[in-house]
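Shared chain: subunit A. Partners: subunit B in the first complex, subunit C in the second.
Let's look at the complex of A and B:
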């Protein structure tokens, strides 16, 4: 197998590749700014320079030349090489800053150049705390600046587009953002303008940077030059807790991080997942933080008679639902599952009402034809359409739904988290004929039409799984506390630096940000009051039960989803099972 | 920008010839921008847009190219651009004297354009003609060497009359001996 010697240690490699990526894969450190594994390699920051050489091969003897000690004679490249663009070669010898003074000095000098015109405004910069320039300067940089002249000034706080703000002075011209729009989003909206110390990224004259993936440039910017208009000055990076999750605004289900502070989700960023979204996510998915924080249903809302909805207790809500179920025949109950709700919630809805004798379960897919782009934005607007399908809910369109309501005259309608009135041609009048229960995360036109609204948790508050358009099941982890959860007791929830080291006044102080809601499955378990022990105490149990009973979900567990970044389901199995 | 710029059929035929010289359209950006600047006198955003549409190259890329090279004018500029060298060799041979004389004659400062749009005056760094200092360059083209006041007077007169300066051959001393 070909071998390479890095800092006098021998490594073997199989696939051809670049030295920098090979070192990163093997856990070795080397500073760099412009390199990004998913973009082309311009080698323009010059920060990953190393000393590289090849053994001298004696063609006549057919062997490598050796010196008096029996070691191979190495002929080094006359100048330092950028490791990001240097191909691995059999027998290659690399010296990094760990073993070579020249490399160490060169890296420090290069950083000094990069920092010459960089404003040292880290205390007010959003990037501080997650800034490669800050980190690498700390690790490899010079201790102080010798530059005594006035720095070059460039435009600051330019609104490049609706979501991205540019601070040109902070830019180190790594061109990651330009390459992103050229190679990944392919809108070609950015370029570097001007020359020398005056250059910075910019759009064409009069164009706005309205790329549907524009915020990814903020993520990959190695300095604070590009910042998010939404998140700007909202929080310091180290004050937030970071929790893995899934994008619930879109059928693609990009893997995400939720960043929380004081029980509010402050931003959503992509999480690397090779099988789904690589390093990227659409801008629309990042707006989900508003769905998690704003306009939430808190505490059950009941409409006695025809009056306004009033808040009521959980006990009353449970008893009222049970009463209404008792009142009517199983055939007069219409159950509508939701592609916006998780696999677990839909399953428990089906399980509970099956036990009450209901046999038909429906759902309305939320697909907007033509809204997708074939990349990370799908036509499907819901995160779990395939999951509901795999649980054998019958797929109907809104016309069929209206027909069901108009002809079937159901006396009780149960809608799982889905704004049917808001997104389909269903109207309030259709629901007025029946007693309607809506389990919802946010207030919507549908909740306003309901007789009873049960507040349920969002993807930011519960552990649950979602099946994306490609049939990949992924799960969320609670990031935000409800009134009934506590991140010190629920060991799945992440704790941040301030949780560990801050006083109680530093963080998570506003109880008003905790929503009075429970997972939908938990409400259904509570309804089943006849049992001595609850059917399920966690969504994990529900998923285990689904895995045992549904062939499509065989072998699916939360542990596997975590380890493998989601599991590809074989959804054909479902259709086969149907035909049998 | 009230004025809209277009290429006519003859221009497009010329541009097609330029494009065919290169394996990729992007490579033709520089010559096509030259062609456009020759025709319109500058490469302002509407010209950039025209070039971008003609070549099917992203507009942002064209802007990057135009702003990189000082020879492309990002704003409308005088018909004749006088780039007076004030770098070291020209400076010691009286480059600034020539610049100030031009400022006096045209009634404008360096970096400005005469109200009639005839001349723009710029003070530039070395143009690589130190042997013939002091010198200036006319609109990215001919060098006018060994400047004197008389020579400048004549140059302005010629340019006003629409006459381009002649190419001056200044052979190196060693080459003069040979001939």
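Let's look at the complex of A and C:
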């Protein structure tokens, strides 16, 4: 097997590749800015320079030349090489800053160069705390700067597009953003303008940076030059908790990180998942933080008669639902599952009402034909269409649903988290003919039409799984507390510095953002008043039950989903639904 | 050869009126080399043409001085897909103004050389990348190209043979960096002129990812001479390590600045004193920048017996470059000269690589500080440290080109720099 010697240690490699990536894969440290594993290699930051050499091959003897000590004679390249663009070669010898003073000095020199025109406004910069420039300067940089001249001034706080703001002075011209729009989103909206130390990324004259993936440039920007218009100045990185999750605004279900502070989701960023979204996610998915924080249904809402909805107790809500179920025949109950709700919630809905004698379960796919782009935005607007389908809910379009309601047969309608009035031709009048229970995360036209609204948890508050358009099942982890969950007790929830040490006197420690809601399955368990013990105590238990009873979900567990970045299910029909 | 320079007859830009007209050029032996090749393709097969040029040892006139024939031989075997010849007429280094002479007075010799190069490398498309400021010369060249097309030297089936080649001109937009071969290709492709990472080299992946060779205009103008007269004859002009006619662009403090054609390896003092008429106003010579602003300046006392060829200049501590000699007299303020050169590189750095982008600006600002009398002694150390951080750390050679003049002038004119820096040592009351 070909070998390479890095800092006098021998490594073997199997496939051809670049030295920097090989070192990163092997846990060796080397500073870099412009390199990104999913983009082309421009080798322009010059930060990852190393001393590289090849053994001298003696053609006559057919062996490597050796010196008097029996060591191979190494011929080093006359210049320091950038590891990012250097191909692995058999017998190659690499010296990094650990074993070569010149390399160490060169890396420090390079950082000094980068910093001479950098504003060094870390205290007010959003990137501080997760800034490669900051981190690498601490690790590899010079002690101070010898630059005593006026820095180059460039435009600041330019609104490049609706979501991205540029501070050109902070830019170190790594061109990651430019390469992203050229190679990944392929909108070619950004370029570097001007020359020398005056250059910075910009759109073409009069164009705005409205790329549907524009916020990825903010993620890959190694400094605070590109910032998110939404998240800018909202929070310091070290104040937030980071929780793995899934994009719930789109059928693709990109893997995400939810960043929370004081039980508010402040931003959503992509989480690397080779099988789904690589390092990227659409901008639309990042706006989901508003759905988690704003306009939430908190406490059950009941409409006693034709008047306004009023808040009611959980106890009353449960009794009311049970009463309404008693009142009607099982055949007169219309259950509408939701592609927006998780596999577990849909399953428990089905299981509960099956036990009440209901046999038909429907759902309305949320597909907007032509809205997808074949990349990370699908026509499907819901995260779990395939999951509901796999649970044998019957697919129905809104026209058929309206017809079904207009027959007057359904006396009790139960809608799981889905704004049907908002997104389909269903109207409030349709629902007024029967008694309607809506389990919802956010207020919507549908909840306003309901006789009873049950507040349920969002993907940011519960552990649940979703099956994306390609049939891949992924799960969420609770990121923010509800009134009934607690970080310290829930071992899956992340604990930040403020969670550990914060007090009520700290700025970002309060109970005010905890929503009074429970997972849909938990409400259904509470409804099952006949039992002494609840059927399920956690969504984990529900998933186990699904895995045992549904062949498509065989072997699916949360642990496997975590370890394998989601599991590809073998579904019969994984293509996007064609109906609206 | 250098002794009888006075009897030398120019070969690249001979003093023939209206040589830029194709009829005049043909009358004076023009396109003979091309016809010679096309009439006897067995003897002059592409490999033999390359060999002849390689033997003639035409050192690239664009600055690097690389054997042109050797460069041609790096082109891979044709695979039926396009391959390109790019002719570099972007000359924009301060002190260099020789290619314009060829565009202006003898464009056909360059065109002929380019066609022969295309034939030798089995290329069907030639791009001529010309400095945008050279608008009048572009027009002249374009006229010459049109004439060559009309007379069957360019286009389909040249002179009745099965060899076809197209030639296009492309104007630069005022970027020095586009004279670097890989950014020239980027620019030709319509992109921002950023030099490319090598490897892959242009002969492997050049224009649009296809094999490409880039040659200087003057280099190609030498090719018909080699074909017409043979490599042996060519080698006899000037030193055999760096043979052939060279266009010396002499500028600065001399009585008769201009472009002079003489054999390579001319004695520098002869060039200054006899060809260019001596230093202006009878002043003493202070320094010489031998081959364009990027070559290290030489002190007058370092010029004894040095001649204009790569080896002699390397020994003296500089480079041949483009043979654009800048002569500086004793009144010159070296700090100011070096600042101005630094200012040029600061302005022209493309900004791709960190050391060059930031280093050129830092050099320029520090030199300006010294020039304005605010320098401190430690600024000299900082300058040298900046140079050290830039040299050999970037994708292309612009960082070296920016650092060398500074490094070597501090080395060679240190007393001048020190004098300026010491001015600001104030007495502390």
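We adopt the following convention: the second predicted complex is superposed on the first by the 565 of 580 C-alpha atoms of A that agree within 3 Å, B and C clash if a C-alpha of one lies under 4 Å from a C-alpha of the other, contacts with A are read in each partner's own complex, and residues count from 1 in each chain.
The rule we apply is simple: contacts are C-beta pairs under 8 Å (C-beta built on N, C-alpha and C of every residue); 3 or more make two chains touch, one makes a residue touch a chain.
Not measured: the values here are computed from a predicted model.
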Fit-or-clash call for subunit B and subunit C when the two complexes are aligned on subunit A: clash
Contact breadth on subunit A, by residue count: subunit C or subunit B: C
Contacts of A:191 with subunit B and subunit C, given as first, second, both or neither: both
Which superposed partner A:203 touches (first subunit B, second subunit C, both, neither): first
Subunit B versus subunit C as contact partner of A:47, first or second or both or neither: second
Touched partner set for A:238, first subunit B, second subunit C, both or neither: neither
Partner chain(s) touched by A:78 [first = subunit B, second = subunit C, both, neither]: second
When the two complexes are fitted on chain A, the stretch of subunit B hitting subunit C, from 25-33, 43-51 or 115-123: 25-33
Residues on subunit A lying within both footprints (that of subunit B and that of subunit C): 191-192, 194-195
Complex interface listing, subunit B residues touching subunit A: 45, 48-49, 52, 58-64, 67-68
Subunit C-touching residues of subunit A, taken from the complex the two chains share: 41-47, 49, 78-80, 82, 85, 106, 109-110, 112-114, 116-117, 146-147, 149-150, 152, 172-173, 175, 191-192, 194-199
Touching residues on subunit A, where the partner in the complex is subunit B: 181-182, 188-195, 202-207
Touching residues on subunit C, where the partner in the complex is subunit A: 175, 192, 194, 197, 346-355, 357-362, 365-366, 369, 382, 385, 388-389, 392-395
